[in-house]
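These are the structures, in structure tokens.
Look at the two complexes coming up: chain A is in both, with chain B in one and chain C in the other.
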Partner chain A sequence: MKKDIGTLMYNDIIIKNFTEPHNVGDLESADYEIEIGNPVCGDRIKVQLLVTDKVINKAVFRAWGCATSVATANIFCSSIAGEAYDNISQRQPLEIGQMLGELEPSQQHCVEILVELHQKLADTISSGVV
Partner chain B sequence: MDQQHISGYFDYNATTPISDEVAQSMIPVLTQFANPSSSNSYSILCKSAIVEAREQIARLINTKKEKVFFTSGGSEANNWAIKGVLLQHIKKPGHIITTAIEHASVLDTIRYCVESFGFEVTYLKPDEQGVIRLKDFQDALRADTQLISIMYANNETGVIQPIEIISRLAKEKNIPLHVDAVQVIGKRKVDVESLNINYLSISAHKFYGPKGVGCLYIKDVNSIGPLIHGGGQEQSMRSGTENLVALVGMSKAAQEASLNVAQWDKDNWQCKQHMINLLKLAPIEIKFNGHIGFAAALSNTLNISIKGVRGEALAARMEMLHNYIFSIGSACSNNKTKKSSHVLQAMSMQEEDIQNSIRISFGRFTSIQAVEKFIETLIIEAQKLLIISGSRHG
Partner chain C sequence: MELHNALKKAGLDPVKVALSSVKQLYAMTESQLLEFKYSLIADAFQFHYSNNAFYRSACEDKHITPEVIKSADDLIKIPLIPINLYKANDSHKLLSKSLKSIELEMRSTGTSGIPSVSRRCSETVDNAILGIYAMYREFFEISKGAGLYLCPSNEEIPEMGMIKALNMMAGMLDTHQFMVKNESFAPEDALEQLARWENKFDRHIIGPPFLINRFIRYLKATNKKIKLDKNTLIITLGGWKRFSGEMLSRKEFNDECIEFLGVQQNQIRDIYALVESNVVAIDDEHGVKHVSPYIHFSVRDPKRLEQEVAIGEVGQLAILDPLSCSTPGFILTEDLVRLLPKKQGDLRSGQRVEYVMRLPESLEFGCCAVNLDKQLDDTEELHTETCPVIA
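Coming up: the complex of A and B.
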């Protein structure tokens, strides 16, 4: 991957997850679906999950947004795949924030996106809504 | 110029690559330390270089050298024209006409005058193609209008405003007209005398010259106040020891532009036509923002929206993966505010189209082959983003 001074505004985590987002896709029969949107910047992220006994077997996403928010969606899916929900639910805000690496001020809103994805996951799993 | 290095650069409206000839012209002057205002033998070369620079700029816009006043660039020229005229009226502040699509250095300066001194302002909104309606302009004219400030060509869309007619109408009403010509100089021939403009702003780094230097054309030096008081340089209108190195660079850039602007325009138009044709054939949905015809817009600028593709993400992929550089119409700021193009908003574009918009601008170092590679890559990356968003399945 090329990286020069022009891409310095994005850290390596964001660059990798944005340029090679391997969790992109749809599930034909998802157990759960999470959708968030930011009315200000217009970012939209939809995550679909396969879940067995509160273990996330598979997580895929579709996203329309800036580079960092697309990367955030991919990072979220990678971080929850194969994990027991109980482990995910114990993540602290600081830990969640660090998952994206160091961000420029204009990218900070993606930490809130990641927090919201975790919150929606919690709400969805606890309500059992498919 | 390292052609390979800049073949991916499609942001000429932000700044142009400095030409080899301009760079070379500045090197010998670096050691010319004499103060051009001094009366000693050391300063003779410096003085003559400044005279030459003024003549070259005058030739570029077809005027007399006495009407060319050096500044630090386009923003300073815009500030000077606006404040220099309006501050003469602060005891009886009247009315200003400008447009909603001006550069920030015009809009912010006018807002400062409005908020600080009580001037009133009319912001003309363009039509959906980015052009100011002449009827709106005529309707806005008032008996107490003290200044009109309208750009020649827009930096985001390249759309050219009807300056010739606006100038004639302004003259009929005896209202001074300031034209921000930063984006048009070096791209189209500008004849400031025949246009009968009162003030015209120029920036060297938009036509292959160095940054930090520009000028203001002033038709009548008695019509405007000085910008900087002090040592008496620039006919006592803008004091301060001249930036000799930058002026020599601008001089060379102006000379090159005078000789080549018609050919550059022709070459750019070929690139633009090719780009438009390739985009029209692309298997993605593209909207052209603003006029794209030769007479109506600059030949080096194309503003497009790709349906379903966020411009910010496309620009990031193009830079990260391919080293291509261009501008976007909307960028993330934070959760409470957004940075959306005020130009595209004023053209009444839908918010999603603005977020999907990109500005492609190129110039004398851009080849047809570079355009082809760029558009091919752009389409591939746009399709990848469509897959990521789910608008198109991979």
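Coming up: the complex of A and C.
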């Protein structure tokens, strides 16, 4: 009898953040909004932020795409909520990638998504564009 | 139900038996086949009702339990999942199994830009692969030849449903080449490849209709006509509508294949499939599309979804797919279709379908082929803008 364990496509970090995405939502009046998308695979993430004195008070998202990209959005929002932007900006790509845990090859693009979200955050706060 | 029960009693999985018996299922009487399909679907419904809290809650809201589904006539009572839920960011609720059991995630991206994501456990992957190959063998009988793929490989677009399904055919061929690379298609290269294979292999052209149409437009523009082989198949899947909304008529497409590719009508075969389902419906040699014999199509009145339309009338397609174990395979699509009656001399039982169009209300009017079509246009436009030669 074949055991239905698949090839363990998702690690526990991804499973938890995809099935319990507690940062999903919309803000009535966001201070900042960032959005990224991939036109080929269709993964798309929109993040809305409340910011005071460069502290991220609240971060919520809407995401469409593979489970890992949805989880990535949740992980990003969790990691920046309550944090000073100056601290967030110190994160390096390697550290950022590790936030997602070990990924399957087909999910590696989500590391790029997470790095891009951090870059977009930097660009958005620096420019002050909502 | 007798056959289903006998198989179970013998320790066999009725779904797996069905998947390996496509020809035999098509040879059943209509009533026998419908009865067997009912038993597969009822079993699947029981499973998802028991293992999917979201789906069970929806069923209970409609006062539907497995006990209500007593015969094929009751299949219409099975609650349907709107296909757009596969785009939702909380689509995990569709799962009847743990996310840990998921082996493969597939997607399709149409004009809305929002991907529809389906997740398959190992058992569902087994079923899907067996089902697709069985249908390919039933209708194409392919076991050799060269495949000119007028689409990207899965290496470029991993987990794209349409590409995956077409890619599976490559395993049955002697050789193949993907002619869309890095969002670019050079039809002259495709023509050269066909020439290299001439007299060495039966040559097949495989891809979305609009991408094959690009190749034909090149032949037309350069005043070229080619003669493919007597065993050639032109195999299409998806992409009957361009990103601009322009619809390519099936008749026009067929006529141009005949004129410019040198094939006969019976060599042009279209496949209907969805990433969210394990169904394939494939043209026979007469251009009639046969539905996988273990899957049931129910065509509903779009204004009264609880009612089916008569055979031959256009309605909204609902799919009852017992192959799906990770999510309930009971889907209300956004496709308008009609079921066709069996004609004299057609020996297969089961359902025949003709695709008509997407629901006018749908935000989607294509699958990932639409995006490929647009990307190729964008690439050509970029090349034109950067080309120093004035056109």
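Definition applied: the second predicted complex is superposed on the first by the 124 of 130 C-alpha atoms of A that agree within 3 Å, B and C clash if a C-alpha of one lies under 4 Å from a C-alpha of the other, contacts with A are read in each partner's own complex, and residues count from 1 in each chain.
Assume a residue touches a chain if its C-beta (ideal position, glycine included) is under 8 Å from a C-beta of that chain, and two chains touch if they have at least 3 such contacts.
On a predicted model such as this, the values are computed, not experimentally measured, just so you know.
With chain A as the common reference, the superposed partners chain B and chain C clash.
Ranking chain B and chain C by residues of chain A touched puts B first. Judged by the touch definition given at the top, the superposed model places A:G37 against chain C, while chain B stays out of reach.
Of the two partner chains, both chain B and chain C are touched by A:I15. Of the two partner chains, both chain B and chain C are touched by A:W64. Once the two complexes are laid over each other on the shared chain, residue contacts for A:N87 go to neither chain B nor chain C. Of the two partner chains placed around the shared chain by superposition, chain B is the only one that A:K46 touches, whereas chain C remains out of contact. Of the two partner chains placed by the overlay, neither chain B nor chain C lies in contact with A:Q119.
By the touch criterion defined above, A:D26 reaches chain B but does not reach chain C.
Comparing 181-189, 271-279, 307-315 or 379-387 from chain C against chain B in the aligned model shows that the clashing stretch is 271-279. Across the superposed pair, chain B and chain C both touch chain A at residues 2, 4, 6-7, 10, 15, 18-19, 21, 24, 40-44, 62-67, 70, 106. By the touch criterion given at the top, residues 1-4, 6-7, 10, 15, 18-19, 21, 24, 26, 38, 40-44, 46, 62-70, 105-109, 112 of chain A touch chain B in their complex.
Across the complex, chain A is touched by residues 87, 89-90, 92, 97, 99-105, 107, 109, 113-115, 117, 119, 121-123, 126, 157-160, 371, 375 of chain C. By the touch criterion given at the top, residues 308, 310, 312-313, 316-317, 319-323, 325, 331-338, 351-352, 355, 387-391, 393-394 of chain B touch chain A in their complex.
The residues of chain A lying in touch with chain C in their complex are 2, 4-10, 15, 18-19, 21, 24, 37, 39-44, 62-67, 70, 106.
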